[in-house]
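Each of the next two complexes has chain A plus one more chain, namely chain B in the first and chain C in the second.
Then we have the complex of A and B:
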């Protein structure tokens, strides 16, 4: 016999003066292979059309549907109800600004942070359409892809002790991103320039080492390793800086 | 009423790969650009492209001797001669440059590894020697309908990495991205497009964007079907606002592609790279069948052909029964753990997480699902839309038209940045010469009209029809009657049923209060437009009495080059009407490759010069 699932869902519409934060309860009959994507859409279409939540790809590659599922940040689309008890409590991700109900504004947060850490290849060269490409070892391309797999879903940020306490902490996602650029020979930033970006309390030294980020990462990215490597590297640069006068920043070109 | 107004040179409606690539070109030329997106830009559907993009680099052993000429010929044959050959030519010539440019910006393309390499084709292993002098250059894999291995890739996360690479560039250039903003109508004076009215999906407030050039880059309209691999945001928003002007035609709305390997039951896509890398399709007896139907190309014939044979084989009783209907199997087990967990690791993950299937040891249940919209906003080769000056389109939302009646795998991701690059240059040229005086009165009346639409929906002034019921009904009609195999009776029934659904769509009333980021209102605002798109597709298919590419009519099985070597242009001039006006234009003005045999698929052709019977 199929289960009757009880959903406790956080509700609040900041645009509606009559709305106050509260929990609504919905019940739904469990069907085979039911995911939270299907369940939430069913609830919206059949029970409450005002229910706000985010999905796009529904295959765990776009990062839209991060939410707190029975106390743990995760992607709703890849969560099967069969993995959960009869009672399912859904809350919006913390840290990010609430749009309404389960929907949060991750777009603004990630764009600001990507701008802050200068998440792009810093190359002094212009593209030459006539030239063949620079060579690269395939193993290196694979290693870059391994870190590039991050989908900016926000689960690592929402589960982070530091990010929940200090709004300027860039989070595991950003440190992983910097690790990706350090690995890439096309990015010509020096260690000192990376240090300027993440060698501080907003960056790698803000991490308390609780490592929930790696536990909740739906892409299973080795965040712990990247944090460790980056921390060691940045500590080394920091030490060197103690004995060296600061050089002016390299001229930057697009 | 109060609303915020934004001014810019280029307004891109859509911030996937095509929109971003055009914006990069305009920004690099010194123009201001704003990108609108339903979701944060990096969540656009471009991120779901898996297998790769075609570009004739000819670096890998199996791509040796490749050239843009060969790529061009494959593309035209793939289109079943429905494409615009000038655009296909520009595309094939530019693709290698676009791939290398992306590498310059940080794209981690997989590379050639010199030495003996083992590959698979049709379940058979073979060896090839990768050349020393090519070591470290961008490599490629096989995809359907191609003479050479030409699909450049980053594992099976090519769209994701490419989108992040371009969005990094957008961040670097400081281009403004307004995410969670939906364009709901274009502002125009009958000749010039001046921007759009948009709804802020965070607050529900209306905004006005005034721009010298407006680009539609909103991807496909797959969500008019019930079984689609498309993301939930591919609802044809850009097509709707263009069609609603009554001036801009919807090109080839009936050209809808079904991908052979949608996963049963969720319709999540598994990449064509699975078959490109040597995966096979099996039936209920776990036997291959594509090699019998298509001796030359087998599993790697074009998508329209493979999808048809799969449905045919199921109809012969060879499908695997399941609670979700009959399906077939995709077998990649022989590729081995090392290959599957690296080059196909997204497939590996999604099979385990969504199906509970381990593809290293188990078969993947697949069935064709709606996948791609070849039709779209009709443009010229510069990407300029027919009918309105200052309006452009690029990528899947456009009918540029390099795909005709069937797109080759690996050519859509390629189109986004190749056409994006080309159209971007043309948009920048247009902006250099553009002198537009914005009419604030026009903007005010446009935003008032949209505010009125919203108020009526919230009040239920036109009726109480349920928007979700209408969506379901439309999707089911499209799936049942405007699918892989089509015929006159079903198509006529589809048109009739959709017209009845349209009448209801004009009487939608909200059940909820519509305040703020209300999702019911967002859908209600575009529902009549979605039904209009569906009617265009069904009606275009009904009138096209031939079979070409993905458009397969049981009652007109031949490709008819005498009467139908043309492109449908659907206009919706009167919003009170419930049928579009169809016009036709020749498929291509320039003919480099005259119509002929594709080399795969069942071919019955009525040649251009065959005299008419009566």
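Then we have the complex of A and C:
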């Protein structure tokens, strides 16, 4: 016999002056292989057309459907109801700006953070569209790809105690991103330049090691390992330059 | 004459965060090792009061207690000041982390909350303990027993003991994962080891407190 699932869903529309934050309860019969993504669509089609939530790809690639599922940030499309108890509570991701109900604006946050950490390959070389692509060892390409798999869903940021308390903390996402550029031989930034970006309390030294990011990441990116490697690397960059004079802040290269 | 600090207007690059993180970690690691050694040394009273007296005498005759004691006290204060940078101080931030921890139901996040709360207890009670012991040298089993048997100090240590052991145990685990000494593959096992290790130290501490509470005090 199939289960009757009870959904407690956060409701609030910041655009509507009469809207008050509250939870609505919906009941749905469980069907085989039911994901939260399908369940939410069913609820919206059959019970409440005003329910707001984001999705695009339904296969854990686009990172739109991140939400707090029974207390833990995760992707609605990747979560089967069979993994959950009869009662399921859905909340929007904290830290990000609430659009309405379960929909949040992760885009603005990621755009700002990517700009802050200069999340692109810094190369002095002019791009030659005629030239053959530069070769890279397969192992290195795979190692970079392992970190490149991030879909910017925001689960690591929403689960981070520091990011929740301090809005200027860049989060595991950004530190993983920097770790990826450090590996990449095409990025010509020096250790000192990386240090300037993340060698501070808004960056890797702000991380308190609660590892919720590691435990919730839907892509299972090795965040714990990368954060550890980056902290050690940046700490030693600081130590190596202990008696060297500080250079003035360099020009930002956009 | 330039009397205006230009850093007000253009923030120069700073390495302070890195140095402070180093000092926070090193003072923490040092205090963890000290606390575990301290527990083992005090627990020597379980073997016999004379064993504890002999060890205490050794540390005083070599002036390690008189010099080392205040150094430990200062290290604790430095560690507190540095680690407190991460602890929420405004009620706003405290509310955020409290609601966050309750929502997430995540062990490591709760462990951090325990670390932050025990830190405050240790700062006050640890300072009182250090002051009391160091202003009343030499340390002897009889004096310690008398203090514990007075009742007030017995309860005092029953509160301080689990706070310290939890704080140093969690801190040890935290340093290991934060600095990448323990990887994803070994985290679970290390966590279990840490729990058992902390449990053993709390147990040794409790046995020691009971021993001091029941120790017959000669000459009284």
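Following the convention adopted for this analysis, the second predicted complex is superposed on the first by the 246 of 254 C-alpha atoms of A that agree within 3 Å, B and C clash if a C-alpha of one lies under 4 Å from a C-alpha of the other, contacts with A are read in each partner's own complex, and residues count from 1 in each chain.
In this text, a contact is a pair of C-beta atoms (placed from the backbone, for glycine too) under 8 Å apart; a residue touches a chain by one contact, two chains touch by 3 or more.
Not measured: the values here are computed from a predicted model.
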First, second, both or neither for A:132, with chain B first and chain C second | first
Touch check for A:152: first (chain B), second (chain C), both, or neither? first
Note to self: So in the superposed three-chain picture, is A:51 touching just chain B, just chain C, both, or none of them (first/second/both/neither)?
What the structure shows: first
**Request:** Look at A:119 in the shared chain and tell me whether it touches chain B only, chain C only, both, or neither; answer first, second, both or neither.
**Result:** first
Touched partner set for A:141, first chain B, second chain C, both or neither:
first
Winner on chain A touched-residue count between chain B and chain C: chain B
Does chain B (first) or chain C (second) touch A:87, or do both, or does neither?
neither
- Taking the superposition as given, does A:231 touch the first partner, chain B, the second, chain C, both, or neither? second
**OP:** Could you say whether A:29 touches chain B, chain C, both of them, or neither, answering first, second, both or neither?
**Re:** neither
Overlap of chain B and chain C contacts on chain A, residues none
Within their complex, chain A touches chain B through residues 13-16, 32-33, 35, 44-45, 48-52, 54-64, 78, 99-100, 103, 105-108, 110-111, 114-115, 118-121, 123, 125, 127, 129, 131-138, 141-142, 144-145, 148-149, 151-152, 184, 186-187, 254
Per the touch rule above, chain A residues touching chain C in the complex are 68, 71-72, 91, 94, 159, 161-162, 164-166, 195-196, 199-201, 203, 205-212, 214-215, 222, 224-225, 227-229, 231-232, 234-235, 237-239, 241-242, 246-249
Listed in rising order, the residues of chain C that touch chain A in the complex are 10-15, 17-22, 85-86, 88, 93, 96-97, 100-101, 103-106, 108-109, 112, 174, 177-181, 183-184, 187
Counting only contacts in the complex, chain B reaches chain A at residues 28, 39-45, 47-48, 97, 99-101, 103-106, 108-113, 135-139, 154-155, 157, 160-161, 164, 168-169, 171-173, 177, 179-180, 201-204, 231-233, 265-266, 268-269, 323, 342, 346, 349-350, 353-354, 467-468, 510-513, 515-520
